[in-house]
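Read from first to last, the chains carry the letters A, B, C and D; within each, the first residue is number 1.
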Amino acid sequence: MHAAATEATASLPIAVTYLRYIPLAPLVGVLFHIALGYRLGRRAVGLVGCAAVAVSFALATKAFLTVAGSPAGTVVTDNVYQWLSSGEFSANVAFTVDALSSVMIMVVTGVGFLIHLYSVGYMAHDEDYARFFAYLNLFTAAMLVLVLGDNLPLMFVGWEGVGLCSYLLIGFWYTDPEKASAGKKAFLVNRIGDAGFVLGAFTIFWALVDLGQGSLTFATINARAAELPAWASLAGALLLFVGATGKSAQIPLYVWLPDAMAGPTPVSALIHAATMVTAGIYMVARLHGLFEAAPFSLQVVGTVGAATALLAATIGIAQTDIKKVLAYSTVSQLGYMFLALGVGAFGAGIFHLMTHAFFKALLFLGAGSVIHGLHEEQDIRRMGGVSQKMPITHATFALGVLAIAGVPGLSGFFSKDEILASAYASGHTWLWGCGVFGASITAFYMTRLYVLTFRGEFRGDHHEWEHAHESPATMTLPLIVLAALAVVGGYVGVPAVLGGGNHFAEYLAPSVGHHQLGLDAGTELMLMGISVGAALAGIGLAWTMYSRGPKADRTLANALRGLYWQMRAAYNIDAVYDALVVQPLMRASYALWRSVDMQFIDGVANGTATAINSIGEGSRRWATGNVQHYMLTVLAGVAALVLALTLGALIGVAG
Amino acid sequence: MIGTAHFLALSAVLFSIGAVGAVVRRNVIIIFMSIELMLNAANLAFVAGSNSLGSMNGQSIVFFVMTVAAAEAAVGLAVILALFRNRQTVAADEIALLKW
Amino acid sequence: MRNALSLLVFTPALGAMLIAAIPTGAEVLMRRLALAVSLVPLAICVWIWSVFDVSRGDFQLVERMGWLPQFGASYMVGIDGISLLLIALTVVLTPIVLIAAADSVHQRFKGYLLAMLMLETTMLGTLVAIDLLLFYVFWELMLVPMFLIIGVWGGERRVYASIKFLLFTMVGSLPMLAAIIYLALQHAGAAGHLSFALEDLYGTHLSPMAAQACFLAFFLAFAVKVPMFPLHTWLPDAHVEAPTGGSVILAGVLLKMGTYGFLRFALPLFPDAMVAASYWIGTLAVIGIVYGALVAMVQPDMKKLVAYSSVSHLGFVMLGIVALNTTGVEGAIYQMLNHGVSTGALFLLVGVVYERRHTRLIAEYGGLWKQMPIYAVCFLVIMLSSIGLPGLNGFVGEFLILLGGFRFDRVLGAVAASGVVLGAAYMLWMYQRVMFGPVTHEKNLTLTDMTRRELATMLPLIVLALVMGVYPRPFFEVMHASVATTLAYASKATAARDQAAGNPAVAHAPAAASIRMREARGHAQPPVGGHAPAGAVAAPAAGHGEAH
Amino acid sequence: MTQAINSGLPLIVACSWALLLIVVEMFSRDRRFVGVAWTTVLGFAATAAISLHYSGDPAVYGNALALDGYAVYFNLLVCALGAAAVLLSVEHLGDAGIVRGEYYSLMFFAVIGVVIMAAATDLIVMFIGLETMSMAVYVLAGIRKSDLRSNEAALKYFLLGALASALLLYGVALLYTMTGSTVLADVAKALSSTNYAASDHLVLLLATGLILIGFGFKIAAVPFHLWAPDVYEGAPTSVTAFMATAVKAGGFAALLRTMLEALAPMRAELAPVLWGAAAVTMTIGNVVALRQTSLKRMLAYSSIAHTGYLLVGVTAGTAEAGSSVMFYLAAYGAMNIGAFGVMVALARRGRGCENISDFSGLAQTHPALASAMALFLLSLTGIPPLGGFVGKFYVFTAALHAGLVWLVVIAALNSVISAAYYLGVVRTMYFDKAPDDVLPSARPYAAVVVAVAAVATVLLGVAPSPVLGTAARAFRLVLLG
């Protein structure tokens, strides 16, 4: 039962001028860090960094409250200036906050602020302190532009801006070539996605121009999407989705996210868990009108989401690096969000986005705290029993694990369950099947991670264990706040069947339409039971296996035989891409340069030069110096001329 | 009856003999003489022309040509003499310093 | 100021004569005087910009003086939006190059200043000439100073590079002379008097075959200069061997003469031939984009890499021009400015390290970020502008070109978009090998960061890159009317082409407001009769998007 | 009677002045004959002044000579070039080891020859002018009796010159028999009025062909050009300067008048041959010049190439083309006198300055001279806004107007080849290092001539209207008169 078409609520725009300062505040922070950062020392940098995001957070809250307070469908707009105008095309720098973006800016600034606070402690002993905060602030500014932009080109500014910041932050410790190439890889894979994004925007724009209203603002696109010719809306949607897979790490462009773990952990938390990777989901939700106008595109989104969720989950099981596990978990959870969008439940997708931001940021920061405590140890097989040394990290991390596993009562349960219910309701039962199976695997690998890290004896070298200690307050405080959010976050969207009003979905309705489940209470409860059962089964199995320590991996390997080692090596997709794309490209360009440039074109150019010279040399030899040869040439000339004239005349006469 | 055409034919023959002489013989003086022969062939053509046209112009032109040929001979022989004094040879194919 | 343009053009030449009088010893005086002289055109250009009437599409500040009355050729100069922007680029880059000359040029300094100032005069002359013969005069004259700069102050293979540069350009431009004369004679036949003034020659009726031939001659001359794909091999040699200042001006301004030529001469003079040829020129341009990017990937030498990137960037500009719609052409013009700023800056940056290490091989560098942080940051900003990061100037140009190109031909547009990805690839890979990673060569440990003078040359370009990216409006306002007029010449032919190509014919070049008003709701009819009044452009063409 | 005398006045003045020169030269004690040189220059000035101010009935001596605009233009041109050559020789005679007074009177006789050729309206008178000039130049070429190369140059020039004269004369004879007169106007009338039988027509073609070959030799068109490089290289540089500019101008003066006046009716049949000759001459001239190492020989082949460009104008055969050839000769004259002037300025007794390698690094050692040389070379290439460009441009316009599209394209591409060797010399001067034994400083007289030539080249490029005007007006007179 398809979602009701979005009723064309008369969105009454409230024109304000403070929206522009939300992205501007972090930008000012960036300038401060660059100009004075190195001179004023760590305290000032940390303070200004966090303060900048705090200002944004305050303004974001103000906008959120205005939107929440006023009647449904109201939009807060701030039209700064006309950025581009050429022929039929024009784009303004204009920011809008409606229900959807209000949630996003709250998540970005809220979680962002906490991560900034965390970084003050985490990066305390790094000498490039100012540069780190400059990049972090720049990222926040770019993400806010992406979320607040009211048209595709402005969103694209933020879109590539966050790509740039992830490039800079992943390669933050640039002296290590490994990390630098990880950054480059992230940027290039994103760029491939961005090419798709741009082409999608063009297709839509010119189709709209042909309708007589050439513009790329979201309002126009959603309003006129239905009138677009079928091929235009489908091609536009799919191309934009290519951009989304690049940014939100879905098949086939997800390969950069696991390598992005080379960056400092707060970066992974902020960029590769909470904010940047959600950009793709936000874009699809924002352009829901377009995607609904091309139903096939929604199916593609759903299938890709489900496939990525499963694939990433399987790889997550076999990883040994704590951050790699979380990375694949993120890819998998993003797959869930796209699954939700694919079945039309845009609200559920955004809901899961929000809750995921909370518990995934929590898990990453927890992992960061563990790594920080154990002095850069990241291999979970050489951890264990950390709970005794780091009680707060252990407690918060445990809550995170429970939330992501979907244990009832925590935020993960509500959002994931809503997605699975919508999947089932929309008739795509095999999507639902994948979802449930994925949920149990998620529960399994998260519990494995938890048990291997915090339970049992410490397996690392003795010296590390002696110095292991709980992280300072600046790091544990954000953990606690995030843990609280991870628990409480879900209660905003309690489904009706459990007595909640599902306020979150209603709140988002004006922006992305309200998706009625249309299931009777019985089936809904039954679905809930199945998903909870799957989760608990996963947890139980993992607990029993891994309480005996990492040896359990071998038993799992035997059970899955060859497949396990494939999963460990992430089906070595990187090697495949390298062989299929990168190497042929390099060989081709070398061959092109050698053959086309050197031999062919230069060959022709130098060839004509030598040819002319040889003709010159030949006729130069003609002047032998002997007078009689010259006379002979003169007389030959006479003969030739007379012949020419007479022949000419004869032809003339005859002709 | 011997008409203008025959005279012209004769002058053509004379002309080609001169041309062949200039190209074949090695001695520079002989080459010069052959060229003088060609000039005289032209004179013959002039006279034949003037005869056929019945006007005296052609014949008067011959005098101009002869004086010019004489002056030319004087200058030419002077040049050949200077060359001979320096190089003790008059063979055309040995005079080939300036080439290519 | 009555004859502002002549003053603008000939001040550098007068300055050069002044400097010629100074004894070779006093280098500091010479440098300062040269800089002062080169700042005068900048001031004039600012004045011109202030009095420039953006609503007029035809030529402004026109000056006319008899030169060859027998042939109807006159010294006639004037500017419109397009040439004003390129003049601005020239007068900005030349002082920067003269400042940078102090470091990069060590022998025969006086000659270098003279050559550079003469080059500026000839470039400005080419841009302001609106008499076809005067344009050809400056077009040829431009070669001589550049030939000397590459030849005298260049690197090891400078002789080969300078001769190759010269002959490639001359092979292109001499048939153009024949075409110019042929065109003028055809016009003389029709109009009775021989004249080379551009306005007279617009609209000369040529037989299709003659039009194709003349267009081909013009195309050859400009394509060599752009450079377009098969005729580009002179560029890497010329760039690698030219001194830093030479490369900056060569890339910054000289390459734009080709694309400017297409817009000012090839398009208005032979509209039908240009439109008919737009497909294969577009294909060549796109091949140039991808080919340039691919070959740049494997270049061991930094300057060669930047040279091939120029081939790729100008492939974009050509695609924009050939799209023949307002968005594409305006994007192309803006990209010309961007390329001047970003590639000019890139060459300056390569010059900075070349002066210290005297090598351009990427392998010789590594881990420079730690040694020269300021240099690294400048390089980062300029590199990002060059690969078209949104928020900087490169993006604005590239986005509009791709938008226009996509309308022109979807396949070409898509392939060109892949060029953007390749562009990022070779740039980032080069940046990583030079800046990141550990310091591999011990000589790199002693590298000093950028001096005040080098920063003085770099800062204006970085500020320009940022401003042009964030607030491009003033630049676009200047060119709207001129682009509309230029496209009006081809509007009939473009409409026909798009009709054939299946895109519903929207009023392409909204030359006259009247055509736009009669545009029915829903499907837009093709422009009635299509013949927009050639010169007289009324309404500003700025389609203000979602007016409805 | 008096009227006939005064229109022939310039010729009479010139001849008497030449004889006067011989007398002056006998009595001059100064071994370097500077006084004689200045008298010669004065003579040229007088001739030019008289022919310029003379106005009135152009026809003179019956219809043998016509002092019309066409002849006046060439008088001025040749007198100027002659004066320049003389001034170049003042020091050059000493440097080249020529101690012969009659050098200057020979120069004057050569100029007289050209004056006659330019003014001649009768083929025989033209022949006589041609011979006067040739004989004077044969001797001038061999003036350095002790030097083998000079002798050889004179011999070659003499032998081939004589052969060409024979050919020309034979052509005139045949033409006379066919048309009954040697006066250009009558020949034209005869050719256009009578329709000839097939066999007669063939003879006519042979006649015109031979006449063209006679003139073709004088202007060194291919395949009659082989003498030019050897003679230019062998003769003393100041004589080569004179030959390359004044003698060539004379050749073209005669060819142009014959083509446009006498042989106009047969232009259609002659056009393809001329077209071929122009194309081949240009290409061979440029292509072989590429391979030269001696600058004198390179300039010889370059002058052959320029003959090719001039032949494009002759092939076009319109009045406009005629005046374009006349202007081109002026620009070409200025450039070449300048180029040879630079070589003369640097030449010294022991050490000539004839090879391109001698010029390496000249920009450092002699900046002013090098920039002048660069100016001439650029103008020869046809780089605007110099004289060479306007010359070429005018010829191209005239040719295109006459429909010779492909010939103009070939000429355009030839200019590219010419750029290679002309700018090759510029490269040697500017890019290469100067040798340690630096060239001597420039000779004052020669430097002045070079400066004047440079100014002329620039003026002919930037403000050519006065010369263009006289060339165009001259042509109207010839055709109407």
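Just so we're on the same page, contacts are C-beta pairs under 8 Å (C-beta built on N, C-alpha and C of every residue); 3 or more make two chains touch, one makes a residue touch a chain.
Model, not experiment: these values are computed from the prediction.
Q: Which two chains have the most contacts between them?
A: A-C
Q: Where the centre of all protein Cα atoms falls, which chain's Cα centre is nearest to that point?
A: C
Q: Give, as an integer number of Å, the spacing between the C-alpha centres of chain B and chain A.
A: 97
Q: So the centre of each chain is just the mean of its C-alpha atoms; given that, what is the distance between chain C and chain D in Å?
A: The separation of the two C-alpha centroids amounts to 44 Å.
Q: From the mean C-alpha coordinate of chain A to that of chain D, what's the distance rounded to whole Å?
A: 79
Q: Please compute the C-alpha centroid of chain A, do the same for chain C, then give the distance between them in whole Å.
A: 36
Q: Return the residues of chain A touching two or more other chains; collapse runs of consecutive numbers into ranges.
A: As it turns out, chain A has residues touching two or more other chains at 609, 620, 623, 625, 627, 631.
Q: Spell out, as numbers or ranges, the residues of chain D touching 2 or more other chains.
A: Residue numbers touching two or more other chains: 155-156, 159, 163, 167, 229-230, 420.
Q: Can you tell me which residues of chain B touch two or more of the remaining chains?
A: Correct list: 22, 28, 31, 95-99.
Q: Per the touch rule above, enumerate the chain pairs that touch, sorted by label.
A: A-B, A-C, A-D, B-D, C-D
Q: How about chain D: which of its residues touch chain C in the complex?
A: It comes out as residues 363-364, 378, 383-385, 389-390, 393-394, 396-397, 400-401, 405, 408-409, 412-413, 415-416, 419-420, 423-424, 427, 430-431, 462, 464-465, 468-469, 472.
Q: Which residues of chain A touch chain D in the complex?
A: It is residues 609, 612-613, 615-617, 619-620, 622-623, 625, 627, 629-631, 633-634, 636-638, 640-642, 644-646, 648-649, 652-653 of chain A that touch chain D.
Q: Quick one: in the complex, what on chain A touches chain C?
A: It comes out as residues 34, 81-91, 153, 156-157, 159-161, 164, 167, 171, 174-177, 180-181, 184, 187-188, 191-192, 194-195, 198-199, 202-203, 205-206, 209-215, 217, 220, 585-586, 588-590, 592-593, 596-597, 601-602, 605, 609.
Q: Mind pulling up the chain C residues that touch chain D in the complex?
A: It comes out as residues 67-71, 108, 111, 133, 136-137, 140-141, 143-144, 147-148, 151-152, 158-159, 162-163, 166-167, 170-171, 174-175, 177-178, 181-182, 184-185.
Q: Within the complex, which stretch of chain B touches chain A?
A: 19, 22-23, 28, 31, 92-93, 95-100
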